[in-house]
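Each of the next two complexes has subunit A plus one other chain: subunit B in the first, subunit C in the second.
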Partner chain A sequence: MEITVHQLMFGLFSALILVFSVLTVTTRRILRAATFLLLVLVSTAGLYFMLSYEFMAAVQLTLYAGGIVVLIIFSILLTSHISQKFEPVGWKKAYFSALAAVAGAILCITSILQHQFQATTQAAQEVDMKLIGRSMLSTDRDGYVLPFEVISILLLAAMVGSIVVAKRKKLKE
Partner chain B sequence: MPFTFSIYDFTGFTQWVDATLRGACSPFWATLWEMVIVGVLFLAFYAVVGLYLVYAERKVCAFIQNRVGPNRVGPYGFFQTIADLIKLLMKEIISIKQADKLLFNLAPFIVIVTSFLALAAIPFAKGLHPIDLNIGVFYVMAISSMGVVGILLAGWSSNSKYSLLGAMRSGAQIISYELSVGMSLIAICVLAGSMQLSVIVEQQRDLWFIFKGHFPAITAFIIYMIAATAETNRGPFDLAEAESELAAGFHTEYSGIKFAFFFLAEYMNMFIVASLAATIFWGGWMPLHIPGLESFNHVMDFIPPVLWYIGKTAVIILIMMWFKWTFPRLRIDQLLNLEWKFLLPISLVNILIMAFIVLMGWYIGL
Partner chain C sequence: MLTSGIPMEAFLVVSTVMFFAGVYGFLTRRNLITILMSVELILNSVNINFLVFNRFLYPNHLQGHFFSLFIIAIAAAEAAVAIAIIINIYRHFNTINVENVDKMKH
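Entry: the complex of A and B
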């Protein structure tokens, strides 16, 4: 069987995602877990690149890899010491987590198998910036202006909240 | 496909390479070979540029400080950095007992891989553009936001207070200044109406964006230069490795080739930042064209695009080195004040002004 570059890359990225996901939850050192999480997210971005969905890939890289993981690493840097290691979890916790993970996997796989995929010969459509900008701010059927504004309010509330929390600590000193 | 090669347009040459490979072997192996060729070329490019930027920095620094600089190895000390590299390669790699070995070894690779990835989207000349993503500017921003992870990991896993302090400073600095870099680039994206680097270069055929967008474009350029210098951890923003306070900052504990990786990545990041500035503001490989002066434009067209690109990048790198050896180092609170109280508000207002100018059609065009 002739394998194409696409299949090879898909296999590579999936293997990376699987291996690093397992490592993320099994490692006993917190910063290592964060690093493995970073590698999982970067490999996911690789999958998006493979599907020529560059915008999503770049968003994945900036928001998750460059934003959230950096934030997590920053908070680890401030709070934990290098010698700190977590105790292995008890068998009860491990058992139930495994059960939840397997149940989730079964749910996902059955729904994927249920879906009727339609093969197409059309070239992948490019998602350009103008299209994204229009649908982000339009009120039409494909417009997302309401969720966009709601999320903005949520973000604003979170920012105000974090400033309040940070200020109160300063007053106590 | 016939063999064609022109220094003015590489499209024919790259297509010839592609066609020859596809004729010689199956599509799978052809793609693989192309990946190998591009990868090896980039590695060589990376090494050469890194080495000669170090040499250039030492010469520029010497010139500013009224010294001679490296002058023993080769003519004008031209091979000094190669000798330094051989020395670094032969040095012992000290492994630290109390460090987190895995992360300690991984950190330099993360730093170097991110700078390598960012290089992939830079247009070097006409037809010499590794990947032309439709969100090119955003891609480079996204990749460069990941480099900080390597620095943070290096600082933490070294298990040394100097490294940790250096990493914290560097993290705070890069995360803050990334915003201004992005905002100043967005101002130009508004003018260009695209984020695709090839389109941005093509649109500067008549006039470079820094002239076309006049006032807001110049503001964006100044903000970009300041913020980019800070983002690459260079002086006067080199708090992360302030040698008088922190030994060497986040890479205090690294030795031999691993230290060389950090060193090389730092110079490469400077190169990437400079070539992005050259592409976005000064037209990349596009020759200097002034509307109305036909004969002048034709004369400019005789200089190959590659030379234009290298020349512009070199000038911007020179400006950044000039910064480093002229200004005193900032304190961390001054650094964060500069970003959050001055650069960010100015660049936000600048985007608004730019959008208004584009809307009214007040930019200089034909």
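Entry: the complex of A and C
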């Protein structure tokens, strides 16, 4: 069996995701956890490129890898000592959490592998920026103008709320 | 098609493992920022699922595409608010370990 470039790339990205997502939740140094999370998110953008959703991959890279991880790293630098290591998790907690996670993963994977997904016969649609922009701002049946406006309000509320919460309180006279 | 040779289930298995890694981290971590990272892992795995279903089952629609776009926006808002709260907690308690933040308990 010949291995195509796509299979090779998929293997690379999925191996990166599998290894580093487990390392993100098990490493004992917090800045390493943030770095591993960044690698997971970048590999996820690679998977989106493989699905030929270039716009989503770009959003993933800029928003997740560029925005959220930088925010997390800044808050780590504000709140923790870099050299400090976490205490190891108690064996009971680690054992039962791992049991729950592995059992759930096995359940999900077996049900995914047993289910017969109906392969579509419809022709694939080219997803370009023009189409995304049109449907995001259209009011037709496949338009998304309402969630778009709602999410703009949500982002504004989150911005104001985070400023108010994190603002240093004025000292009372 | 660009994803020729790769079955849909392979993508779903990858996202499932990522999801349950996030669940494990959420259950075992005690630092608030690492808990937030686990939540980001979970949200990201759901995004992968939405896009894979969109590509393989309904390639002439855009529902999954927009769902994951809005999930990313909500994740960004959630991370901003959560980090504001974490920094506020750090100012009050001088720690962000969930076991030491117990003022509201009593």
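Rule of thumb we're sticking to: the second predicted complex is superposed on the first by the 145 of 173 C-alpha atoms of A that agree within 3 Å, B and C clash if a C-alpha of one lies under 4 Å from a C-alpha of the other, contacts with A are read in each partner's own complex, and residues count from 1 in each chain.
Basically, a contact is a pair of C-beta atoms (placed from the backbone, for glycine too) under 8 Å apart; a residue touches a chain by one contact, two chains touch by 3 or more.
Computed from a prediction, not measured in an experiment: that's the story for all the values here.
> Put the two structures on top of each other at subunit A: do subunit B and subunit C fit, or clash?
fit
> Name the contact category of A:158: first (subunit B only), second (subunit C only), both, or neither.
second
> Looking at the overlay, does A:67 come into contact with subunit B only (first), subunit C only (second), both, or neither?
In the superposition, A:67 touches subunit B and subunit C alike.
> Go through the superposed model and pick first if A:86 touches only subunit B, second if only subunit C, both, or neither.
second
> May I ask you to decide whether A:75 touches subunit B, subunit C, both, or neither, giving the answer as first, second, both or neither?
second
> Have a look and say if subunit B or subunit C is in touch with more residues of subunit A.
The partner that reaches more residues of subunit A in the superposed model: C.
> A:4 in the overlay: touching subunit B, subunit C, both, or neither? Say first, second, both or neither.
Both partners, subunit B and subunit C.
> Just how close are subunit B and subunit C at their nearest CA atoms in the overlay, in Å?
Closest C-alpha pair between subunit B and subunit C: 13 Å.
> For subunit A, give the residues common to its interface with subunit B and its interface with subunit C.
4, 59, 67, 74, 76, 78, 127
> List the residues on subunit C that touch subunit A in their complex, please.
Per the stated touch rule, the residues are 1-6, 8-14, 16-25, 27-31, 33-34, 36-38, 40-41, 44, 47-48, 51-52, 55-62, 65-66, 68-70, 72-81, 83-88, 90-91, 96.
> Quick check on the complex: what are the subunit B residues that touch subunit A?
26-28, 31-32, 98-100, 102-103, 106, 133-135, 138-139, 141-143, 145-146, 148-149, 152-153, 155-157, 159, 164, 167-168, 171, 175, 178, 194-195
> In the complex of these two chains, what residues of subunit A are touching subunit C?
Touching subunit C from subunit A are residues 4, 6-7, 10, 14, 17-18, 21-22, 24-26, 30, 33-34, 37, 40-41, 44, 47-48, 50-53, 56, 59-60, 63-64, 67-68, 71-72, 74-76, 78-80, 86, 89, 93-94, 97-98, 100-102, 104-105, 108-109, 112-113, 117-120, 122-125, 127, 131-132, 135-136, 142, 144, 147, 151, 154-155, 157-159, 161-163, 165-166, 168.
> Can you list the subunit A residues touching subunit B in their complex?
Subunit A residues touching subunit B: 2-5, 8, 29, 31-32, 35, 38, 42, 54-55, 58-59, 61-62, 65-67, 69-70, 73-74, 76-78, 82-83, 126-129.
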